[in-house]
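In the two complexes that follow, subunit A is the common piece, with subunit B as its partner first and subunit C second.
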Partner chain A sequence: MSSFGAILKNELYKTIRRPRSYIGIGVISFICVMLQSAFYQDGKEILSFVTQQFESTFQIQGEVLNGNLICFIVLQTLIVQMPLLVALVTGDLVSGEIAQGTIRFLLTRPASRTQIIIAKWIAGLFYTLILLLVLGFFALFVSKWIFGDGDLMALNSEGLTVIRADDIQWRWGLAFVIAFLSLGVVAGLANLLSAIMDNSITPIVSVMAIIIVFTIIGMFDLPSFDLVKPFLFTTHMISWKSLFEDPVPMQDILFSCGVLVVHIIVFLLASIWIFNKKDMKA
Partner chain B sequence: MSKIPVISAKNLVKNYGNFRAVDDISFEVMPGSICGFLGPNGSGKSTTLRMMTDLIRPDSGEILWFGESLKSHRSSIMNRIGCIIEKPDFYTYLSALENLQLLGRASGCRKTKADYDELLQLVGLKGREKDAVKAYSHGMKQRLGLAQALLHQPEVVILDEPNTGLDPQGIIDLREVILQLNREKGITFLFSSHILNEVQEICTDLIVIHKGKMVVQGPTTELLSQQKLRVSIELPEKPDTAPSWLGNPFFTERHAVLDGRYLDLQMSKEEIPLLLENLQKVGQSFYRIDYRNQLEKYFLEITNQ
Partner chain C sequence: MKFLTQKWLQRGFGLLMLFALNTAHAQQDAKVLIRQLNQRMQVIQDYTASVQMHFDIPGVKMRDMQGKVFFKQPGKFKIKAKGIFFLPKQNPMQDVNALLMDTASYTTVISGYETIDGHDCAVVNVIPLKTDNELILGKFWIDVKDPLIYKSQMTTKNNGTLETSSIFGAYKKYGLPDALLIKVEVNKIKVPKMMSVDLNKKSAPKSDKNLKEPGYIQIKFIGYKINSRFPDTVFTDDAQ
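Then we have the complex of A and B:
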């Protein structure tokens, strides 16, 4: 096995064996099950209250409360928590080893620092993918199994859009790809801050602080904010929602994906540069 | 045996802001030696050892391992050296064996279970390898640290205060392991410790630094031969009062100190036959005469403490 292959295998092994990795998986599973249970109990009542306002305009037929709607709601709910869960693990990948002292063993092996930081970055992406797969399994498959399939009534900035059940699978697929890119940016940022700092908590808190600040900037329609908004990754993290509009603004979505990919690359390159320059004094 | 130094540090300088931690340090470590690396706290020992292992980059100067630059041959050099820097820290959620397997993979070595068993036996952890490291005492972690340093059969091992946290038996075991590996496998050791008796016991060479600067380097025996020995005579019984033979000018001039059944004097090695002659002359019997170089005294002298 090449030295990079061995380092990558080690990083994946550590990610799987760390108790902290299971916090995110547990939280996602718990939130999904909790929402599904709540909607199973009271969903019809809540939805009839919501749909009443549309019934004067058009007639609703079929089962509105279905797996697709639950998945849409779960995704909108978890978009706030997912970055925290990703940062909880990826923000600790380097700084945790510095704080614990194990970095000294890693860096006195034949693998270069570049190989080590890339292996850690891949492990972070691997963990992000696992989280998304767990989310996809619970939010989409389990919801469809419990509530059945059906057309999605998506309420978004454009108003109410009805997506037919036979036209929705590709949208879910792309939505999860965009979610992966978005969380990949978070993982990359956490990895970068983790390479800069020497303790585990600060990178995690810093990632959340950056996301909160960027999100607040994105919320206000002020001319000075409008200048920076297109360059903030948080602006593009919610572009998955555009997949549930009709017609789908594919150009905008592709642009958002491009911005997210650029962020991922920039964060990775910055991590490599900083990690290679860093003196390991701890 | 090759006469190229295994380690050659040339004019190393490291600054932390305005503070110069290492100031123009140069030294060499020859193959097959056990070299003690000494200095008071804050003398720049750890920074130097970290620069030797590429954890910290020097501001200027050069480090050669086996005659090759650490900067340009890092990967091949790391394959040939093992180390414990500061204190051995492991992945506490993994077992000792898993930690070793992980670090073995990172070193690129293929090990069988028998190899790991042999290594664990050597450091005295056989039977505890499946325990999670979080349940290990500091002494056990030191032993595991030594195991990871030896994992890939290195030619040189750097040990940064390996005695810390070890019980007396652990210190003796570590000493035996180092001497055995040096004797049988020709492994060179660079050994930093505050336990000077231990250093004196096993180190063939000494490097002493102070306030970031080089103080002295050379073979232990040569450096300490300039020093008076501490000679200790064990008497059969504790005298009620200071015996009259202590009034003999030989004893008084050497500041004899009577401590229970032990009489301690400072003298040169050449004076020992004269001491025996004097003891015989006054009819004083004894069980044992011991002598010891005083590294501690020497260390304090050269570091002006």
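Then we have the complex of A and C:
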């Protein structure tokens, strides 16, 4: 096995073995099960908050409460939490080893610094992928198993969009790809900050702080914020929701994906550059 | 002077009598039209047909969908389709039939004559006698030569005004339309940005909260099957 392969295997093994890796998986599973239980019990009442605007004029026919709607609600709910869970693990990949002193031992191995940081970055992406697979399993498959399949009544700021059940699978597939890119940006940022800082807590808190600040900026319709918003990666992280519009604004989605990919590349290159320049002190 | 007053009174009475006679005639004409309409409806005990629905509702994006309609006298109606769709709360296909059949529950009067799509129609106003009725006023544009409702307008207490336009074709003799366009007044839906989690979208500009916009539902009926005697369970069965 090449030195890079060995180091990658080691990083993946460490990611799997760390107890904190399972916090994210546990939290996602818990939130999914909690929301599914709540909707199973009181779903019709909860939905009436949304549909009451129409119910004075229309009778809504068909099963609105179905697996696709629950998955949509779960994804919407976890937009804020998922990056924090990713940062919890990826923000510690380098700085944790620096704090414990094990980085010096790692650097004695034949792999170059570039290979080490890339291996850590891939391990971070692997963890992100595992989180998303868990989310996909619970949010989509378990929800469909409990609530059944059906048309999705997606809520957006312009009103409601009803997506037909036979036109939805590709949307979920692409939504999870965009979610992976979005969380890949967070993992890349956490990896970068982890390479800059020497203790394991600061990068995690910094990533959380950046995401919270960026999200708050995105929430307000202020002219000064409007200038900044297109440059914030959090603006593009929720572009998956555009897949549930009709017609799908593909140009906007592709632009957002491009912005996210550029962020991932820039964060990775910056991590490599900083890690190569870094003076590893005892 | 006394002679003049008497003359004016006579003229006034004459006009009143003319108005009363005219109204009675209009009521009579309206009743005849409704009776002819009901006779046509009574031939049909039930029907089924395939339907194609097109929705143009403010704040709702929904693709066309297909389904099957079931109707049974006097007012059982259901559209079965695979998926989510909207129908007006005051369903004209169900309520109009049931309303017009119950001739003792309303009074009618012809308020004028209009041409709808080349058909000379009498505008028949239907006023329910009971005050607790959801319907306040029903206006029906009925062809005077071949009694069919080409247009209707129903003003309700709680659900606003609902208008329908019908296009008749192959099943004209049964009074069944090939297409029905329903116009409903809709309050524009407002979803807070925080609730929709559309963080990268700008909030819609504030507008008058009570502003209503017209929404349209078009239903095309294909391949009617009349009096096929299907079971009543289709109206209670939730299967799509």
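Please note the rule applied: the second predicted complex is superposed on the first by the 274 of 282 C-alpha atoms of A that agree within 3 Å, B and C clash if a C-alpha of one lies under 4 Å from a C-alpha of the other, contacts with A are read in each partner's own complex, and residues count from 1 in each chain.
In this section, a residue touches a chain if its C-beta (ideal position, glycine included) is under 8 Å from a C-beta of that chain, and two chains touch if they have at least 3 such contacts.
Note that this is a predicted model, so its numbers are computed, not measured.
In the superposed pair of complexes, A:D246 makes contact with subunit C only, with no contact to subunit B.
Greater residue coverage of subunit A by touch, when subunit B is weighed against subunit C, goes to C. Look at A:G218: by the touch rule set out above, it reaches subunit C but stays clear of subunit B. Judged by the touch definition given at the top, the superposed model places A:L47 against neither subunit B nor subunit C.
In the superposition on chain A, A:A111 contacts subunit B only, with no contact to subunit C.
Of the two partner chains, subunit C is the only one touched by A:L155; subunit B is not. Applying the stated contact rule after C-alpha superposition, one finds that A:I146 touches neither subunit B nor subunit C.
With both structures placed on the common chain, the touch criterion links A:I31 to neither subunit B nor subunit C.
Those residues of subunit A lying in contact with subunit B across their complex are 1, 3, 6-7, 9-10, 13-14, 17-19, 100-102, 104-112, 279-281.
Residue ranges on subunit C touching subunit A, taken from their complex, read 57-63, 65, 79, 81-89, 91, 158-160, 184-187, 189-191, 193-204, 215, 240. Looking at the complex, you find that subunit B touches subunit A at residues 16, 50, 53-57, 74-76, 78-79, 81, 83, 85-87, 89-94, 98, 102-103, 105-108, 148.
Those residues of subunit A whose C-beta lies close enough to touch subunit C in the complex are 50, 53-64, 76, 79, 150-151, 153, 155-162, 164-165, 167, 215, 218-219, 221, 226, 229, 234-236, 238-239, 241, 245-246.
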